[in-house]
Structure formats: C-alpha cells, structure tokens
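In the two complexes below, chain A is the common chain; its partner is chain B in one and chain C in the other.
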Partner chain A sequence: MTSFLTLLARNRLALAGGIVLSLVVLLALLTPVLPLADPDVTNTSNRFQPIFSDGAVLGTDHLGRDLLSRLMWGTRLSLAVGFAAAIVAATIGAGIGIVAGYYGGRIDNIIMRGVDMLMAFPYILLALAIVAALGPGLFNALIAVSAVNVPFFARNIRGITVGIAHKEFVDAARLAGLSNTRIILSEILPNVIPVIVIAMSTTIGWMILETAGLSFLGLGSQPPQADLGSMLGEARSALIANPHTSIVPGVMILIIVMSINLLGDGVRDALDPRLKSGALSRPMAATRVDRAEQPPAPTDQGLLEVKALETQFHIKDRIYRAVGGVDLSVEKGECLGIIGESGSGKSVTALSFMGLVASPPGVITGGAAYYEGEDLIGAPYKRLRDMRGRNVSYIFQDPLATLHPLYRVGDQLIEAIRAHRPIGREEGRAKAVELLNAVRIPNAEKRISDYPHEMSGGMRQRVGIAMALANDPDIIIADEPTTALDVTVQAQVLTILDDLRRSRGLAIVFITHDFGVVAQLCDRVAVMYAGRVVETGGTGDILDAPRHPYTARLMACVPELGGGKRRLEAIPGLPPVVDNLPAGCAFADRCDRAQDACRSGDIALAQTGNHAVRCLYPVAQEEIA
Partner chain B sequence: MTKALKLTDLSKTFPVGRSLFGKSTGSVKAVHPLSLSVEQGETLGIVGESGCGKSTLARMLVGLLPPTTGQIEIEGAALDTADPAAFGKRIQYVFQDPISSLNPRKTIRQIMEAPLKRLHQMPAEARRKRISEIFESVNLREEFLDRYPHEFSGGQAQRIGIARALAANARILILDEPVSALDVSVQAQVLNLLADLRKTFDLTYLFISHDLAVVEAVSDRIAVLYFGSVVEIGPAEEVFAAPKHPYTKLLADSAPVVGRALTPPEAEGTELPDPLNPPPGCAFSARCPRASETCRAKAPRLTPVGASSEVACFHPLSE
Partner chain C sequence: MTGYILKRLLSAIPVLFGITVIVFLIMALIPGDPATAILGSYATPENVAKLNRDLGLDKPLVQQYFIWLGNMLQGDFGTSFALNRPVIDEVLERFNGTLVLAGTAFVLCSVLGVVAGVISAANQYGLADKAITFVVLLGISIPSFFLGMMMILFFAVNLRWFPVSGMWPIYGDRTFSVLLTHLAMPAFALAVVATGVVARLSRSAMLEVLRQDFIRTARAKGVHERGVIWRHALKAAMVSIIPVLGIQAGFVLSGAVYIEIVFQWPGVGRMLVDAILKRDILLVQGGVVFVAACYVLFNIMVDVAQSLLDPRIKT
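Coming up: the complex of A and B.
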C-alpha cells in the first residue's frame, strides 16, 4: 500500500489531481457547517448580481439565489450521485462479469449477449430512454447512469475472470473442498479488485459528466434543488447577458472531472502490473556499457574470446551481479557447453556478447568479448546490428515465442536474410527452402507457407535453427534450445545441430542444465554458479572426474536412466541471490568441504592442463574412484 | 489386499470445433479406455510425451474433469460424482507449477487452512496444531505461514503445495510433474522429501512426468502412455532397461545419457498421429520399425508378458 502511494505521488499530474480533488471533496463535506446563505431562497429584486458583489461572492442567479451556496450544495450533490453511480455500476457490472467468466459456457453466453445488446444502444439514448420510462428525478438519473455503465465493467471483469478461473490455484481450492460461491469470493474476487479499482478510477469522472448532462436536460435534479448540471441548464438562457451564472458551475465541473481523470490515470499506472514491471518502457537497442577499467587485451584464443565479462542489473538502489567476471572462448567447429542452474548467469553471459541484455536495467560494467580480435562490448550499434545474425546468431528456448505468429515461416526466413543483404523474391524463396532442407524439415516446399501454430514444437525449433543459419554465421548461441521439447524430438534436434557444426565448421555455445545433453554434444564445458565459472575443461574430463564440489554434487543429484529406484544425493539450501553475494566462494554455505578460508577473499580459477577449477579444496581423483 | 486405486475403462473425449449453434463438429479422444490399478503404498510412474493424455488422466482422477466412460474406485469404494470435494478427502493433487497453484492474495496460513476447514470441519485450535505438524514433516518453518506466495522460491513453494495436499489427509497423491519446474539441485530435495513422506504416512503415489530418469528413480512400477493409451506397464527396473514395446525403446534410446554417443534414434521427420483423424490400427505403427499389416489394421490390446509386465504390441521386443 505504501509503495502504491509513493508510486502514485511520483506522478506529478496525478498528485496535483489528487490534491485538488481532496480539496473539492473536503469542501463538499463541510458545506452544511459553513456559514452559507440558504441555496434555495429566492430574491428576485437581487437577481443577476455580478461576481464579488456585496453579500454574494460569486453573484446571484436569475432568481437572486446565492451562487456560491448553490455551487457548494450542487457540487456536493453531483459528487455524491457520481460516486454512487460508479459504485453501483462497478458492483453490478463486476458481479455479472465474474459470474459469466467463472461459470463460462452457456451462462457466459446468455449473460454476455444481454450485455452486448445494452452496448448496442448509444449510451445517452439509453439513459434518456431509462429516465423517460422511470420519470425525471435525481435518483432515476442515477439508475440510468449506472445501467449505462454496467456493460463496460461486465466486459472488462469477465475477461480478467476467465484468465483467473483457469489458474491452478482455483483447481486447488476446488480440491480443498471450497464451493463455487466461496471460490468466487475468496479466490477470484481478491484478484480482480485491482482491476475494478482501475476501471472505476478512469470512469468516475465520465459518470459525473453524464449525470450533469441528464440534469442539464432537466431529467436529473428537480428545481429548486441545485446540482451542477441543473445550474448550467438554468443559466443557459442568460448565457450572453450574464455569463458568470454559467461559468461558475462550468468551471467546477471542469475542475472535478480533470482532477478525477488525472488521479485515475495515476492510479491505473501505479496499479497495473504490466506498467509497473516496466515492460512498456522500451529497452535500448544495445545494452548500456559502462566500464570503469580498460578491458584486458585479447590473447588470440579462438573465434570468440570473452574476457572478465561483468554484467549487472541496476534495479532501484540494488545491484544484481548477474555475471561477475566470466572468461570463455570458443573455436571454429567447436561446441562449448555452459551448464548451470537458473540464476547462474549463463543466459545473461550469452546475451551480453551481442549487447542483447535489456537496458535498462542491464549494464555491462567490465570485460570484453573479442570476435576475431574485435571487441564487441561497446561497439557502435550500427556495427552490432550488422553482426547480429550474420556473424553470431541465437537460438532460444521457446520457438513459439521467437517466431511471429502472424507471418508464414518462409516470409520470416526471407526477412532474416534481407536484413543483411538485398535478395529477390525468387532467390529468397529458394534460399528459404534450402534452409528448411538443411534442418531436415520434410516437404520443405510446402511447409514454407505454414504459420508457426501449424507446426509441432520440434518443427518450430527446426525453423528457429534455420533462421539462425540464414546468414551463414560463424557462431550459434543456443540457449536451452531443447528444454521445451519431448525427448524423442530433442534427440532429433541435437543431431541436426551436431551435423551442422561438423559440416559447416560452426562454433556452438550451448547453454543447458542437462549433463546428458552436454555429454553428447559438447567438446568443452564451463560450469557456472552465481555468475562465475567455477569449473571448465574438456567434457570427458569434467564428467569423469569433476573437481569442483558443486559440479560433483550437481551431477550426483540428477538421476540417470538405468539406475533403478534410489535415493538422490540432494544439495541442501538454495543458490545465493546475486544482489548479496557472500565473500569468498558463493557455494561455501552449501558445501560440506568448506573451511574458513573459503569464506574470505577472491578465489581464483586454478588451471591444471586444460582443466580449471575455482576451489581451494577441490575433489581429488581418488575420492571419486 | 484392496487396491488403493482402481480404474476401469476410464476414457475422456473432448468435443472440438463449434458450429454456429454450439454443436461440436468433431471429437478428440484424449484418453482411450484405460484400466489400471495401484496397490496401497505403491508408486506408479506414468511417462509419456506432450499430448499423450497424462494430464487429462490426472485431472479425471481428482474429479476436476468428468470422465466420458469408466469408473474410478478409491480404496474399494467407487467414486463417480464429479465433485472435487468428495474426491478431495481421499485423493489429492500436487500441481506442476508451484507458484501459480498458490493464490497470490492469500497468506500461506489461509491456503493451508482451506482443506482443514472445508473438508474436515476442524475447529481453529486443532487446525493450528495440524498445520504445524504438517509443516514440520515437509521441513518448512512455521514463520512462513504469515507470508505470501511470491516471497518463496520454486522449491519452497512446491513444499507448500505438498503440505496442502497432505492437509486434506488423503492417502493417495497425484503428482503431476511435481519437479519439472524446479532446478536440478532443488529437484532432488523435493524427490527425497516425497520418498520420506510416503514412508511416514503410508501414501500411494501416482507420479506423472516426462522425465524418464526421474520416474525410474521414484517408481515401483511404470506405465508408458502413448496417444492416450498405455502401451507398456511393468516394474520400474525393467521398463527402460529391457523395453518390450518399440515406443518404450525409442524413449529410452532418445534420453541423453552420459557416455552414450549421439545417434538419431529414428528416421527424420516423423510426426505424431493426428488426434482428429487417428489411424485405425496401432497409433505408433507409422513410426515403428517393426510394424506389419496387422499393426496398421488392428489396435493391439494390453497383454501380459513375462512375470509382471504387460505390453500392447503385436510384435513385442524380447531380450
């Protein structure tokens, strides 16, 4: 709640709106105790007194009634009716929406078609019809304005409810023995209330206007009772001769509606989770680079060489060290595996090479990534864009999310090629077919005009690989490309990747959490933990004789097929959070070999031959055997 | 000995496509008529790839989906109402995604109290005691009770999910991919916890997963599902070590194993059968190297092979 208020206060316009509105509401509440003239006492000899005249600060109207007093009482009434209408409309509309969305099927169909019929009428016509049927009067105007706004709430809330009703926690509540009514009240309602508040805050001003509109037409408040609409209506005939009688209520309506709308927008921005997470603030085209020190020089190791790479996320006043000094290299035709759990920084490392980490909040704060000796970190955007896809390309975990759902896969492939070189229609098509054949999609000529949803998961991931191949890159970075696939499909996709690297001399950086996959595909492996490489070396060496306790225990806790029923060697505890890393070894708290020395100072990656390990007390060979 | 769970000819057909007046234009058989039984205290593993009907089966077993045909018998008594509350006391469900199975706007205590209050009408004092007992058994601290779900990691949230299932005091748990959303180091913690709980409370598990190695590590028996039917069922140590159905063999060969070279286990470009237009014979025949004319014309039935296995194949693999 406090965070909501600070968010709201940061929005200056909303804050101003909030202050003005509170003043107006306060005045309206205090009206009965203020020393005001009676608003309904007529004094025709004193009619049309100008503003600032004696005894009437805002003048008098055509019957000589005190305008200030009428304004205050009128505001009070208009606000009360507007708020009441909003609450009635929100309650009824949300109730209808929740019932329709929760039960679905026929109930949903009948209710929503009824709501659609209401919506088919122009709202003012509908309100007029309702008032005409019920007779003029403020209470009837309130009913009309509420009824007109019910469909808006019903539709909005129904949509949200449908999404929530299919969540697993609703199923869980059903299994816990809750009845439908209880599920609606205790599971669904608390989750839709924010949406109801947002919808109310943006429509309440509108409802005050609508009520004023009906009163203006003489269908709302009846004389002598004042509300803002009826005051305007009565002043209409004297608009030219005595404009102040219209201006006074008009300005008040303007102030109320403006302040409510500004505040409402602020409330929506502060409550809407999509806006809060910053998804609507567009990230920059390349990751921000802010290196304090000169990066280390390249040592001519391989096609891509990463040196002391550091990437951080700056969120509010916290710094998350996602990548804390990573060295890697990969050669032509080689496959490097990066293995680690979620949060170990493996994906952020791979995205940093080409400046693909979203900024804000991502910042590359140190190190370099040399592609054939050229530092990619801090390279101009134009250069990076030219290299993305042509020299280094990516394959992601979820092909359904990376392919555009509205374009045919062939067109998306051609677009990928066209991003780097001009190519004709026919030639593009031929190249696309060739690419699909290269990833062994059967019947490529025909499947080129499929939409992504018409393909199975395995086929879509093949298209993802074809797209990565489109511009003959030297390096493919594959970020968990088979995690979302079934095992039989995974085997096919891995075979394709393996063949490609052998036939085209591709370098592959393969990010995964699966030792089995690493063993089958990768030449070398780097094991990451809490943003750093803790062990690296040849795949065979590491899998046969892991030296870092984390690697050894991670391998031990994964069941392997063919082992039968058994107890697993779990690692106690959780990985550390990267905004608060302990001194020394990040794994020390979960490690049964840790000693005092492990908890202080920086522990270097110690190299022995091709095998390097960041540990003071590594597992010795004899212990494994 | 009574079976903990007995299914007879259980099946589920979903209508698909809608004409203008809401009549369905076709149907998909998500689960073909299926008979299974699980002994008290046993863990039956169910494996299969996406779309094989394993989640549909699980949802029918706890009453979240009414079956199209067949019966469910729990501890000797038939349950044919589709009221989840009636199921709730005898069979519970642990969800795949631990975070989304907890209502974000309720404290853990409120979540834990629901089954005690609604299924067992326990008074407040007894509830408090029972919750602390359960929390102790799943290794969670009681101070967590007043927090909200978003404050927990996946592994902790899954423990809470398991605790909630235990609170209902059901003796059978359906575990639907309970560890696939978790990191490997946390996955082992949760699997061990499940094994301990089974021993302590004499529980019966139905463990559903796509991860062959995990299923093998926790199950007594394993049933392999393909296209809505059980194609093979047998003791855990035999099913993948000595597969009898060609599909089981394909699965076992596809799983990446340290120390086995990468070889494509089957011909390229094979795709799953179309559920709207299923093949007349064995659903696997189009992908099967051993398929014959019989396989394409007639669907095989589950028949006993060896001491304790059953396989639905006309040409099973022998050792």
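Coming up: the complex of A and C.
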C-alpha cells in the first residue's frame, strides 16, 4: 500500500490532479459555511454583471444571481450527484456481478445476457429512455446515469468473482457449512472491493460529465436549483452576449473531470505492473550505441569481423552485461556456430551486428562489427537499414511469431525484396515463387497466398529462410532456426541451409544450444558463457577434444550426437545473472576444477593453434579419452 | 464471407429482441395511466380510448408488448401526438441529420485518433508523444457541449469562419460546400472525446505490437521504419483498435445529442430531448428502438471489418 502511494506520488501529474480535486472537494464541503451570497436570490436590475465587478467576483447571471455563489453550490451538487451515481452504480453492478460470478451456470448466463443487451445501447439512449419514463429531475437523472453504468461494473466484478469463487478458501468455507450469503459477504466481497474502487475511480469522471450533460439538456436539476450542467444550459442562450456566464461553469466541469482523470490514470499506472518494469517501452529502429572508447581496428579477418563487442541492458538502475567483449569472425562460405545456454548472450551478440537488439533497454557500449571493413555498430540508421536483409539477413527462431500474422507469405517475401529495389507485381510474384521453390516448398504457386497460420511449423521456417535469401545476402544469421521444429523437419531445414551455403557461397552464423546441429553444419564453433566466448576452434577439434570445462560438460550432457532432444539444462547450477558477474571466471561456481586463482582477475582467451580457450585449468586431451 | 455475415445477422436477432424488451420495460415504469401520460395535453377521452385500443393498454403487460412489437415489425411505431405525424417518418427524417453529423465525427475520430496514437507511440516519451498525451487528456476531460459552445464563440462569432448553427442556411442553396461549413464545427466538437479515447488506445496497442517478434523481422528485412510503423505495426494493432472503434461509435451517437442541441442540428438527439420535455412518449420509444437497432447493425459491420482484416478469425 505504501509502495502504491509512493508510486502515485512520484507521478507528478497524478499528484497535481489529486491536489486540485481535493481542493475542489474541500471547497464544496465548506460552501455552506463560506460567506457567499444566496445563490437563488434574483436581482434582474443587476443582471449579467461582468467578472470582477463590485460585490460579485465572477459576475452575475441572467437573473442577476451571484455567479460565484452559484458556482460553489453547483459544484457541490454536481460532485454529490456524480459520487452518488458512482456509488449506486458500483453497489448494484457489483451485487449483480458477484451473484452472477458466484453462482455461475444458468443464473450467470441469464444475468450476463441481460447485461450484454444493456451494453448494446449507446448509453445515452438508455438514459434518455429512463428520464422519459420517470420525468425530468435531478434524482431521476441520477437514477438514469447509475443505471447506464451498472452493466460496466457488473461485467468487471463478475470476471473477478469467477476467479475467486473457485479458490480453496471459498471451497473450504463451503465445506465448513457456511451459507452462500455468509461466504459472499466474508470471503468474496473483501477481495473484490479494491477492484470496485479502481473501477469507480476510472468512471466517476464520466458520471459527473453524464449527469452534467443531462442537466445541460434540461432533463436533470430543475430551477432554481442548479448544478454545473444546468448552469451551463441556462447560460447558453446568453452565450454570445455574455460568454462569462457559460465559461465559469464550463471551466469548473473541465477542472473537476481533468483532475479526476489525471488521478485515475496515476492510480492505474501505479497498479499496472507492466508499466513498472518499463516493458511497454517501444524498441527503436536501431539499437542505441554508446561507446565510451574507440573500438579496436579491423584486422581483415573474414567477411564479418566482430571485435570486443559489448551489449548491455539498462533496466531501471541495473545494468545487465549480456555481451561482455566478444570477438568473432566468419569467412565467405563458412559456417560459424555459436553455442551456449539460454542467457549466454549468443542471440544478443548476433542481433547487435545489425542493431536489432530491442532498445530500450539494449545499449551497445563497446566494440565493433566490421562487414568488409565497415563498422556496422557506428553506422547511421540509413546505412544500417540499407544493409539489413541485403548484405546481412536473419532467420529467427519461432516463425509463427516472427512472420507477420496478417500478411500473406508471398507479400511478405515481395516486401523483403521491395525494401531494397523496386519490383513490379508480376516479377515480384515470380521471384516469390522462385524463393519458395529454393527452400523446397511444394506447390509454391499456391502457397504464396497462404497466411502464416495456415502453414505447418516446418513450412513457416522455410518461408523464414526464403525471406532471408530474398536479396542474395552474403551473410545469414540464423538464431536457433530449428529449435521450435521436430527432429525430421529440423534435419530437412538444416540440409536446405547447408545446400544454400555451398551453392551460393553464403556465410552462416548459426546460433544454437545443440551440439548435434553444430556437428552437422558448422566449420567452426564459438562456445559462449555469461556473455563471453569461452572456447573457440574448428568443429572437429572442439567436438573431439573440448578444453573448457564448460564445453566438456555441455557435451557430456549430450548422449549422442545427431540424436533427439539435446537440451543444455542438464548442467547443475544456473548461469550467473549478468547484472552481477563474479570476478574472474564466470563459470567458477559450477566448475569442479575451480581453484582460488580462478576467482581473481580476468582470464584471457589463450590461443593454441586454431583452438582458443578461456580457462586457467583446461581439460587435457588424455582426460577425455 | 456471406455465410459469416448471415451468421452475425442471425445472432443480432436476440439482441434486437432484448432491446425492445428493455425499452418496453422502461416505459412500463411510467407512473399513472399510460394513455394519459402518452397523450399528455392531447388527452381527450376519445383520444385515450383510441390509444388504449391501438396499443392494447388495457391488456396485460406481456400482451401489450407483443402488440407493440408486432406493430413495429410492420413499420408502425405509433403516432407522435405532439407532432401529429407517424413516429417512423419523423425518426427517419431526423436520423438523416444525425447520420451526417455522427458519421463525419466517427470518421474524424477514427482517422485522427489512430494517427495521433501511432505518432505518439512511434515517438514514445518524445515531444510529440507528450504533446499528444496532453491534448488527449484535455480532449477526454472537456464536456463536448462546453467545447461546442466555446467553438461557436470563437470560430463563429469572433472569427466568423463558420455559421453559428444549423445544418442548412435558412435561405440559399443546399450545396455540399455549404453543408461542410455548417458541419465542420459540430462534427469536430463531437469527435474530440472519441478521438482522445481512440488515440489513447491506439498508442497502447501500438506499443504492445511494436515489441512483437514480427516487427523485428520487418526491421531485419530492411523495411524502412515508416513501413515498420505504418504498415506492419499499425495493421497488427488495428486488430485491437477496431473493436474500440465500434464502442466509440456508440459514444459518438450519444454525444450527438448534446452537439445537436448546442448547434441546433436537426437530428434524432434533439428530437428525443424535445420529445421528453413534451412528454411525447411514443416518439421517444420509437426513436430509441430505431437508433439502438441501427447501432447493433453497425457493430455487425465492425465485426465483418475485423474478420476482413484478420484471416485468423473463422468466418
């Protein structure tokens, strides 16, 4: 509760709304004791006095009544009626909702049908019909506004009640022989009251507006009694000659409703956990780059050369070092595997190249990714966009989520081409068919008009690959493209990728947690742990003789290469949380070879031939045999 | 598709039925003798007797309902005693005016609201976002009738850009451009609140969508950020925006009552308020049923639009 209040207080707008509203309510409460003129005393010789005239700070209305006094009394009345309507609607609506949700079945069905019917009306028609039947008057307007809002409360509260009615404590109370009424009052009601209060805070502004509206139409408060709405309604005929009589009550309604809305928004934000984590931030077009130091120069190794790459996630005041200085390179026609557990930073590494790490919260804080000597990390968005999909393209993990659900796959393919060069309708279609044929989708002419949800997982992933191929890129970065697929489909997809690499001279960066896939496809492997490469070398070397204890353990979990399920979760312990990395070797806590030396100071990647390892006590050849 | 539309039309029948029941029950709340209440100052003994005969007011409630329903199904909504003409004629004529006003406002609020929401989301926490958020807050807090009055004061009286009120000039041609000048202010005033609501919702729907994986795919393809926002994200966000547009149509229709009064617009809303003040019960009853039925049908159109947008909906 206190945390809720501090959150609310931190929201300055909500705070302002709260203060203004409290002031208005306070003044309304004090109105009877304030030294105000009588609001109903008419004095036609003194009509339409302007604002700031003697004896009438806000002037007088068409009957010479003191506007300030009428405003205060009107505010009091409007607030009272609005709050009363909210309470009545909330009470009746909650009652209906609780009964429907608690009893369920037929009762629920009938009640909710009725509620749906009521919601089929534009609200004012219902209100007008009620006022028409009961006759104009403030009390009848109150009934109408409450009645119109009852369905809203009933539906909300019913939803909550259904959730509670099946909880253990309710069952327990039932078994204890408590009556339904007792259970509703003692078990259900206390749990729904907070929801009722929130629903009220978001609707009360509306109810004040609606009652003011009915009064404005002449269907609410009847003279001489006046709320803000009827003041405005009466002033309307003098709008042009004496606008202040309209402006005074109108602005007051605006102030009240706006402060309620500000406060209500603040309450909602404070209660919505999604906003707290900042998860609703939109990722920008390219990852933010904020490099403190000049990145290391390229050394002309390969088509893509990654140097000391560092990518972090800044969430609130915590910094997660997802990638902590990674060096990689890949040649034309070569396949590099990046392997590691989830959270090892392998995907973030790959997404960093083209600025595709969601940002916020992602920030690239160091290093470079050289594509033919050109640094992609510092490249302006325009250049990056131009290269995305044309020079470097991506294949993602779950094609159901990564393909647009509302566009036909053919159109998505054509769009990939069109992003880089203009292409006519017919040519685009032909090219899309050609691409689908290249990834061996049968019946390509027909399939291009399928939506993603109409395809199987394997077919969708082939579409994903076809899309990556659309502009004949030099490098394909495949981020666990086969993880969501079953084994046979997985094998087919891998074969397609391997063929494409050989026939088109593609460089592939293949991210996976699966040594079987690595063995099948990759020339070289980099093993990642806690955001760093811990071992790298030729696939054969590493598979035959892993030197880092982590790699060895990874492989030990794999019963048989090329087999079925090979998940890495089998290693005891968890990877370290990357916002609080230990000094020295990040793997030390899970390593059975760990010595004191492992926990102090940075450990360098030690190179022997083509094989490099980041470990003080690497596994020796003999130990494996 | 036709099958789906038929299915939705069939499912509307119980709702329409329910609407008539609710309106009938509300009217049964009228205190005292219904015939006298309906006729008000026109209540001569002959009239009361005739009305009792026509509407079966002396029969039990259930029977009364079916007589009323049967009459309506034949297009007979009764006679307005204050206007001395069939209710349906008056309602149809007035509904035209409302349709022009509310329809324009609805298009305005949909387009402006969605565009504002998208811009707001695309520049989250930026200047445009803050400005839009503030204007939206103002828009949903200001009573439309007050806004309308202020617009008359400023744009019609002070600046003389637009006529003060009405749908047509009393004298002069009824051309489209004349209609537009009369329509501009009321349609805008009516659209403001709904625009705010639509903008808010569009913003959060866009933020929700922009975090989805397929947005990253579009970016990875090299699609320009404009295309990412306005094609990929907006299309997906429309799935959650369209139902809200349906709801907003109801709010626009409701708000039209105030705006018609403020701008002296010849529409159903003003007709209903006049009818209530004159206790012309049959006109109220007929008008409410007719407009509510139109709203139900409109929502079917919204559902159909939704199914056209989203192929995952089974039609």
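As a convention for this text, the second predicted complex is superposed on the first by the 379 of 625 C-alpha atoms of A that agree within 3 Å, B and C clash if a C-alpha of one lies under 4 Å from a C-alpha of the other, contacts with A are read in each partner's own complex, and residues count from 1 in each chain.
The working rule: a contact is a pair of C-beta atoms (placed from the backbone, for glycine too) under 8 Å apart; a residue touches a chain by one contact, two chains touch by 3 or more.
Everything quoted here is computed from the prediction, not taken from an experiment.
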| item | value |
| --- | --- |
| Which superposed partner A:Pro442 touches (first chain B, second chain C, both, neither) | first |
| First, second, both or neither for A:Pro380, with chain B first and chain C second | neither |
| Partner chain(s) touched by A:Asp498 [first = chain B, second = chain C, both, neither] | first |
| Chain B versus chain C as contact partner of A:Pro422, first or second or both or neither | neither |
| Partner with the higher number of touched chain A residues, chain C or chain B | C |
| Which superposed partner A:Leu175 touches (first chain B, second chain C, both, neither) | first |
| Partner chain in contact with A:Ile240 - chain B first, chain C second, else both or neither | second |
| Touching partner for A:Ala519 - first (chain B), second (chain C), both, neither | first |
| Partner chain C, residues of chain A touching it in the complex | 113-114, 116-118, 120-126, 128-136, 205, 209, 212-213, 216-219, 232, 236, 239-240, 243, 246-247, 250, 253-254, 257-258, 261-262, 265, 279-283, 285-286, 354, 356, 358, 381, 385-390, 393-394, 396, 398, 401-407, 415-416, 419-420, 451, 453-454, 464, 467, 470-471 |
| Interfacial residue positions of chain B with respect to chain A in the complex | 22, 49-50, 62-64, 84-85, 87-89, 92-93, 95-97, 100-106, 114-115, 118-119, 153, 155, 161, 164, 168, 183-189, 191-192, 195, 210, 212-214, 216-220, 236-237, 240-241, 250-266, 268-269, 271-272 |
| Residue ranges of chain C in contact with chain A within the complex | 15, 18-19, 21-23, 26-31, 121-122, 124, 137-138, 140-143, 145-146, 149-150, 152-153, 157, 164, 204, 206-208, 210-225, 227-228, 232, 235-236, 239, 249-251, 253-255, 257-258, 261-262, 269, 272-273, 275-277, 279, 281, 284-285, 288, 291-292, 295-296, 299, 309-312 |
| Contacting residues of chain A [partner chain B, same complex] | 109, 167-169, 171-179, 182, 186-187, 190-191, 341-342, 440-443, 456-457, 459, 486-492, 494-495, 498, 513-517, 519-521, 543, 553-554, 557-572, 574-575 |
